[in-house]
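We just call them A, B and C in the order they show up, numbering each chain from 1.
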Amino acid sequence: MRFGGLNALNNVDVAIQSGEIRAIIGPNGAGKSTLFNCITGVLRPTSGRILFAGEDITGLPPHRISRKAIARSYQITNILPGATVRENVRIATQSRHHAWSLLRHHRSYTDIIDRARDVLAAVGLAEKEDDLAANLSHGEQRNLEIGIALATEPRLLCLDEPTAGMSVTETHAIVALIRRIAADLTILIVEHDMEVVMGLARTITVLHYGEVIAEGTPAQIQADPRVQEVYLKT
Amino acid sequence: MLDLQDVHTYYGKSHVLHGVSLEVSAGEVVGLLGRNGVGKSTTLKTVMGLVRPAAGHVRFEGRDLTGLAPHHVARRGIAWVPEDRRIFRLLTVMENLRTGLDRQGMTEPRKQELLEKVYASFPVLRERRHQAGGTLSGGEQQMLAIARAMTLTPKIILLDEPTEGLMPRMVAQIREIIDVLRRDGVAILLVEQNVPLTLEVCARVYIMEKGQVRYRGSARELQANETIIQQYLGVSA
Amino acid sequence: MIPFDQLLVQAINGIVTGMILALVASGLTLIFGIMDVVNFAHGELFMLGAYVGTTIFVTTGSFWVALLGACLTLAALGAALQITTLRPLLGRDPLTTILATFGISLVLQNYALWQYGPVPRKITEPITGHFQLFHIEYPWYRLLIALLSALIIGGLWLFMKYGTYGIWIRATTQDRLMASAMGIPVPWVHTGVFAIGAAMAAASGVLFGPLVGVNHAMGFDFTLRAFVVVVVGGMGNLGGSILASIFLSLLEAFASLWVSPAQAVIVSFVVLILTLLFRPTGLFVPTPK
């Protein structure tokens, strides 16, 4: 992926297996966000291809990517603050199940509301369904974000630094949540918190200056001298 | 001289600093280490007044700085060299330096003297003095950013990852500049990811994780302590 | 076929109007460029400048003292307005500042109406007399306006390029936070720029006064045109707005050879729409890298 004269990603080859939790780590400027943005359709790669379940999704815009069942959470919370928690999730659920009749009242779509409630239960926000999203704590808002992403019934869930700005307790809570939902999904996560990464991921990809320098299990990565060098800049 | 006490900073609802406390004495070079995203840059920005802490205090030479606007902080003697350099791209090198040189209390001779001194440390800037800042290479921009901070004749410089993305030759140059500054009695709070460099130039270091200071000690102590280095700065968890 | 001398006269008219417009638009684009404020009160500053000019003229009998006095008075008024009304709004939603400046414009318009009454005032131009341009008698004063405007804008350019405060203004325009971190008192730079913009609007008002008569609605036409100029020239781009002023005024001047001047304004709006469609960053702005 080139930005003008800058090769942000250079021949990055990554293969993510269905059902795994993959973490992407690397120092500042390594290209993690760029890679993420290419996969989720925010950026169009200058060369190369991105295949999802055998299908070429390179260069598709974000809304089309979403239809392919790839969902993404953001570093800056992207919820609707003026709507209730349940509404936030319901709107996302609705995108998967067409509800376009002008004549029916939105409350009568009970199946959609039930699905939304299931998602809320999965992310631990069931009791707060009537609260305004703006009134949730920061950690709960991040849970809501994940819930919104989940409600679109993705096969791949992309999480962008989910524990940024969280206290240790909140971090543990989010990690537990991710573990719970990981059972039925493939998860791709960009993170800086090593505890989270080592504890959650099955495989880790390490980027440095736009290139993949290592890939493997947490144990392998920890033992890899190149990775250590990059992080400790010997 | 610079004192942070239990500083909490938020970006919107994101609680980025969870009670940071550290000090830098006059003339000291102190390192602030930690992985990406732990709050190192935010700490510097809080000192500089670019973000307002929700709780805690920042004191400089005994006076409370907390919540002061950045231009007041600069006038008290603190200069900031941001991670992305932020030189004024449409201004020439000379004009960039003038943003610091042209201030109250600076006579013409004094300005010339200071300018000469800066050019002596960074000869490449003298060559390019009429070139627009945006046309400089990354390394040259980093030099300019540091030079610009020096024109404020600060008592302390907040240096945010000066060696990031630079070739080894430039990293060596940065190291020399830090030595020059130290000899001049300027204190430095150095945020870095380059651990060996930091341990070489700093007397003391702090290590941050998840918005808090988790380790404080002399550079020599830390150098010997592989476990801590691995734990907070390496890839193990 | 249009006779050549008519074309030439219109060209000169276009340039003259263009220079005054440039004076007004420069202030507007400077203000937008540095603090992201769309100053809807700019036309009223123009109008008040003209009125203050008439008052000083009546008292002193000197056009030049009136010009200087109007600039200084409006600079002070502009500074006061910025400090009280706009400074507290820094960093807020742009809509808020638009509403604020719009509110100021209403207040100033009605103040002028109350203070000066509905009857237009007159300033006498400092140089009367005409010279022969082909078989037309062309007033010297119009040339003087163009010259003075050019001088003022030239002075502004020199100040911005070489003066210390000029550097402060340019640095703050490019990166407000970094400028602040360099010890530049950003809130005061904002006030200063607003004052300069107001003074330039006032100068335009006084210069234009002898041509049309000073009344409380004279601001509107110019504000509208100034906004078109600022968008076509590139918002915040000083050179661009000067070029755009002259370009648009020339177009309108030539257009009024065929249609009435009131209809000639359409030309400017057509250019505006085309600019927004095809080069929204401004016609005279180099393509951003």
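By definition in this document, a residue touches a chain if its C-beta (ideal position, glycine included) is under 8 Å from a C-beta of that chain, and two chains touch if they have at least 3 such contacts.
Because the structure is predicted, anything quoted here is derived from the model rather than measured.
*Asks:* Which other chains touch chain A while also touching chain C?
*Replies:* Under the touch definition, chain A and chain C have B as mutual neighbours.
*Asks:* Which chain lies the greatest distance away from chain A when centres are computed from Cα atoms alone?
*Replies:* C
*Asks:* Please list the single chain whose C-alpha centre lies closest to the global protein C-alpha centre.
*Replies:* Minimum centroid-to-centroid distance belongs to B.
*Asks:* Could you tell me between which two chains the number of C-beta pairs in contact is largest?
*Replies:* Chain pair with the maximum contact count: A-B.
*Asks:* Roughly how far is chain A from chain C, going centre to centre by Cα mean, in whole Å?
*Replies:* 51
*Asks:* Would you mind pulling out the distance in Å between where the CA atoms of chain A average out and where those of chain B do?
*Replies:* Using C-alpha averages as centres, the distance is 33 Å.
*Asks:* Let me have the rounded angstrom distance from the C-alpha centre of chain B over to the C-alpha centre of chain C, please.
*Replies:* The computed centroid separation for chain B versus chain C comes out at 43 Å.
*Asks:* Going by the touch rule set out above, which residues of chain B reach two or more other chains?
*Replies:* none
*Asks:* Touching chain C in the complex: which residues of chain B?
*Replies:* 48-50, 69-71, 73-75, 79-80, 82, 86, 88-91, 95, 98-100, 102-103, 148, 152
*Asks:* Could you pull out which chain A residues touch chain B in their complex?
*Replies:* 25, 27-29, 76-77, 137-138, 141, 161, 164-168, 171, 192-195, 197-199, 218, 221-222, 224, 227-228, 231-234
*Asks:* Enumerate the contact residues on chain B facing chain A in the complex.
*Replies:* These residues of chain B touch chain A: 10-16, 18, 35-38, 83, 161, 164-165, 193-197, 210-211, 229-230, 233-237.
*Asks:* Please output the residues of chain C touching chain B within their complex, sorted ascending.
*Replies:* Checking each residue of chain C against chain B gives 164, 167-168, 170-171, 174-175, 177-187.
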